[in-house]
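Here chain A shows up in two complexes: once beside chain B, once beside chain C.
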Partner chain A sequence: MTIQFKTETFRDDFTFSNSPEAIHRFPFPFDKDEYMYAVNIEQHMPGPVKSAFEFPIDIDEHYVSEMKDRALVLKQDPLRCQSLPHMITAEWDLLELLMESMAKNYPEHFTLTRDGDSWHWVNGPLGIDQKFTFGDTSTLPYPPMEYITRQCQGDFNLIDQRNDNLWMDAGIVTTQADWSLDFDIGMNFMEWHAPVPLAHDIGVFDRALKFLLNLQQGRPVRRLNWTMTINPRLDTSPENYHKWGVDRTTVTPENVGNKVHLRVELQALWRLPRSNAIVFSIRAYLIKMEELVTIPKWGRRFHRVLRDLKPELADYKGLTRYRQMTVDYLSKFDDGAPTSPGFFPD
Partner chain B sequence: MSAIKSRPIYPGLKVDERAKRHLVAAEGEGALAVLEAFADAPDAWSRMTLLYTPGGSAPANHSETLQGRAPDAFHLHPTRQTLMTRLNALLDTATMGTRLYAAGVEGHIGEVVAAGLAHGVDHLSIRTEHRGSLARRVQCVHCKGFIDDVTISPVPCAHCGVPLFVRDHYSRRLAAFQGVSINAETPDEVPASEELYK
Partner chain C sequence: MSGGVEIPVRVVDVEQATQTVKRFRLAALSGEPLPSFSAGAHVVVTMDDNGRRMRNPYSLIDRADDGSTYRIGVLRTPNSRGGSKFMHERVNAGDQLVVTMPVNLFPIVRTGRKHLLVAGGIGITPIYAMANELRRRSASYEIHYAMRNEASGAFIDELRAAHGDRLKLYRDDMQEFVSVSQILPNQPLGTHLYVCGPEGMIDAILKGGRDAGWADENLHSERFLAPAGGEPFSVVLQRAGITAEVRSDQSLLEAIEEAGVDAPFLCRGGACGQCETAVVSCDGKLVHNDHFLTEEEHASGKKIMTCVSRLKGRELVLDL
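Then we have the complex of A and B:
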């Protein structure tokens, strides 16, 4: 299965769009017509063929352009990639996980040859051919986490476990929904979730932490999270909020279908073998409203979810300014018919 | 637990009787916390290295009172910055059995804890007590500059000028609350500042 990689941008002229196949495989996050926080964690098992869950690490048509956007972000702001010194073993664990998974599931594009600690990695789409010694950072052009995550879609965090808590001690974060790695690095699980409203009070984080402390090697888990973004911008960081925030004022009834995007995060967690750390990956998928409504079930359902969303959640997700205009647009695609249970298109 | 989940809790100074060395960094009214905590441990003063900056309490002259208790070493500093320079030098050569204490305004405690972290001291092992104003230390998320003694929100960034909303989110490593542009979505308006954290 060879992927046709698109050339597109996530800034300036915003040429990003989804092909019909990419729309069909979009990880739509609502399995019913309403939304509230939940510990919606499930085993990260292989999903349907061609879905975003088919493989542990999903590579899609946006891969090459997303990696170019990441390189631009890092050039402007190197603090988006940081790792505390004790995380170096976890960095190597992550490199192994990603290389093994990409090479196994996309052999047309990536190959990994291992001979003891002598490794040979070939990344076709990005034109990289690298021989290196596993465990020896001097044999790679970047530290191991940065090296491999410059070649893999999604943000990645490496989480240490000690004192019955999880600690955000390393990461590369260039496609985030308004949180700062530079600010949050070194925090524990409750601390880095501090700004999230409501969820603390209903015990979501206590239960999630208890669950994750027991995460087993070889049994990764995943959950979906969502927000909305104006323009297909990947770098919606707080660092640059004073530059992109104004986008939220540019939505009109004429452009809402093209400008307003549902942004879904496929979050997955793996226990790592050498370090006992946890990988927390946050892969962002974007879809325009006019693409979303080409799946009738999703147009109906998202209209209902957005219309009935609690105001605190709308505020926290930054939707308030353009929510009504989007609801009005989506209402034209909601004939009131019942929707079938589950995420997938009918 | 604090209403702000990332904000540290300052349980109060408590003398570690077993410490071989008490390394105490106090600011302003934090002097009173030190005097109270160590009142019942007269032997501890002979094993104490005490750093003090009067900060906002200059007229009260706590430094004479502190010095009168005859700590083993006493360092009086004109500013928090100079105190931190000395503290970092002492932490560089600190030995096993040293117990670190911080008392004063939140920005001062935060800087002491961050210096401890940078020297491999577990933050939970540092004894802390908040005294004095509720002023916050803030980092501008945009230019990464720090602003001390913030009592108003929004506050203009002292470095890049962006008017900042002070989020209820605190980084122990940076010893600061997060400041984020308040008018990114309304560039022509800046809301009036209110005094919130006096």
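Then we have the complex of A and C:
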């Protein structure tokens, strides 16, 4: 299966859009007509063919343009990629996981040849051909985490486990929904989750942490998280708030269908073999309201979810300013018919 | 088994290391490389004794550089379940076993400045792997290895060759004992201690550490690992009108699924709450292993999370 990679932008003129196939495979995150935080963790097993869950690491039509956007972010702000010295083994583990997975599932685009520690990686879409020695950082142009994540969609955190807690000790974060690696690095699970409303009170983080401390090699898990973004902007970081915060004031009843995007994060977690660290991947998918409502079930359902969302969640996610306008737009696509259970289109 | 992915292996070599310890070299039946592991990890080995399945955890000693084999060390213990006896008497080169993916409950603290590794007897197996990893990383470490006598030190030669004077031996027959008061003083701030061995030794070392003012965060131990799984029992699915057996090597949820009933689940790890099921009655004691129900709910005996919890007793009746 050869992917046709699109040329598009996630800033300035915002030419990003989804093809009909990309709309159909969008990881819509609501299996009911309402939403509240829960420990929504499930095994990261292969999902339906062509879905975003078909393979452990999903590469899609936006790959090449997303990697260009990442390079731009890193050029302006190198602190988006940081790693504490004890995470170097985990970096190599991550490189192995991503290269193996990409080469296995997208052989038309990526190949990996291993002969002991002598590795040969070929990335067709980005025109990269690299021979290197696994475990020897001096044989790569960047440290291993940065090297491979400049070639893989999604943000990544490497999490160390000690003292019955998880510590955010490395990561590359250029497509985030308003949180900062530079601020969170070195924090533990409860500390970096402190800003989240309501979830602490209902025990979500206690349970999630205990679960993750037991995460096993060979048994990755995933969850979906969501928020909304004005314009298809990947880099909605606190560092650049001055650039995108004001976008929220530009939504009008005329442009809401085009400007307002549902942003879904497919988050997966793997226990890494050599380091016993955990990798947390955060892969962001964007879809504008006009595209979303082409799937009637999703239009109906998202209207109901957004209309009935608790105000604390709406505030935390930064939707308050344009929520009503979006609900009004979506209401035109909700005839009140019942929706079928589950995420997928009818 | 909800414990993890399983790898069928062949025993390629058995070595009588001492009178009571055998070392087994295992290769994947598929010929593929075995997964890398972090020092301190164990695998659970499934043995099949004429249909009677036994599952014992064993620490990984090492993995061949090309990934072709793992080594485990097995002490023959007069243990009622008989796993180590089976390994010693019945398992030969060429035989097949099944192992899980590595699981690490005894990891090295990567932020540690220095590492004191303390082993007693067969407790040396995870310590052996940890010492090798620390050496590879050029970290600062010491090994304190206690044994009954020179002949029962299953790993002395290999350890000495690799670690030289970082290795210190203690022989019971020479009245030499690992003493906390000797190894703990004057260690740099940020030193971590790891101990694996007989219960009494672990308790003494940990107590000594605490008495010397060490924080719990810097003291780590691995006791003889509990066998995976649990005891078998019967489950009655009242609404479906089905009675099924829950084997010792499967979870309640797996037994329900095997009986053809589509039960809810999501995480299969006791956290998400999906598999919560009402208990109608039970003859025995519920063993709750989840993080979802509250203590009061556990005590009430009215609910069970089928993915991780089970019954110690005869029969459990569920509203399913």
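The definition used in the following text is that the second predicted complex is superposed on the first by the 346 of 346 C-alpha atoms of A that agree within 3 Å, B and C clash if a C-alpha of one lies under 4 Å from a C-alpha of the other, contacts with A are read in each partner's own complex, and residues count from 1 in each chain.
The rule we apply is simple: contacts are C-beta pairs under 8 Å (C-beta built on N, C-alpha and C of every residue); 3 or more make two chains touch, one makes a residue touch a chain.
Please read all numbers here as calculations on a predicted model, not as lab measurements.
Of the two partner chains placed by the overlay, only chain C lies in contact with A:Gln43; chain B stays clear of it. Contact with chain B, but none with chain C, is seen for A:His193 once the two complexes are overlaid on the shared chain. Legend: residue contacts after superposition of the two complexes on their common chain; A:Thr249 is shown touching chain B, with no touch to chain C. In the superposed model, A:Tyr142 lies in contact with neither chain B nor chain C.
Legend: residue contacts after superposition of the two complexes on their common chain; A:Asp184 is shown touching chain B, with no touch to chain C. In the superposed pair of complexes, A:Phe211 makes contact with chain C only, with no contact to chain B. Overlap of the chain B and chain C interfaces on chain A comprises residues 163. Against chain B, the residues of chain A that register as touching in their complex are 79, 163, 180, 182-187, 190-195, 200, 238-246, 248-249, 321. Interface of chain B with chain A (complex): residues 4-7, 117, 124, 139, 141-142, 144, 162, 167-174, 178, 180-181, 184-187.
Chain C makes touch with chain A in their complex at residues 3-5, 35-38, 40-41, 65-66, 101-104, 107, 109-111, 217, 266-273, 291-292. The touching residues of chain A, counted against chain C in their complex, run 38-43, 86-87, 89, 93, 116, 160-163, 206-208, 210-211, 214, 216-219, 221, 273-276.
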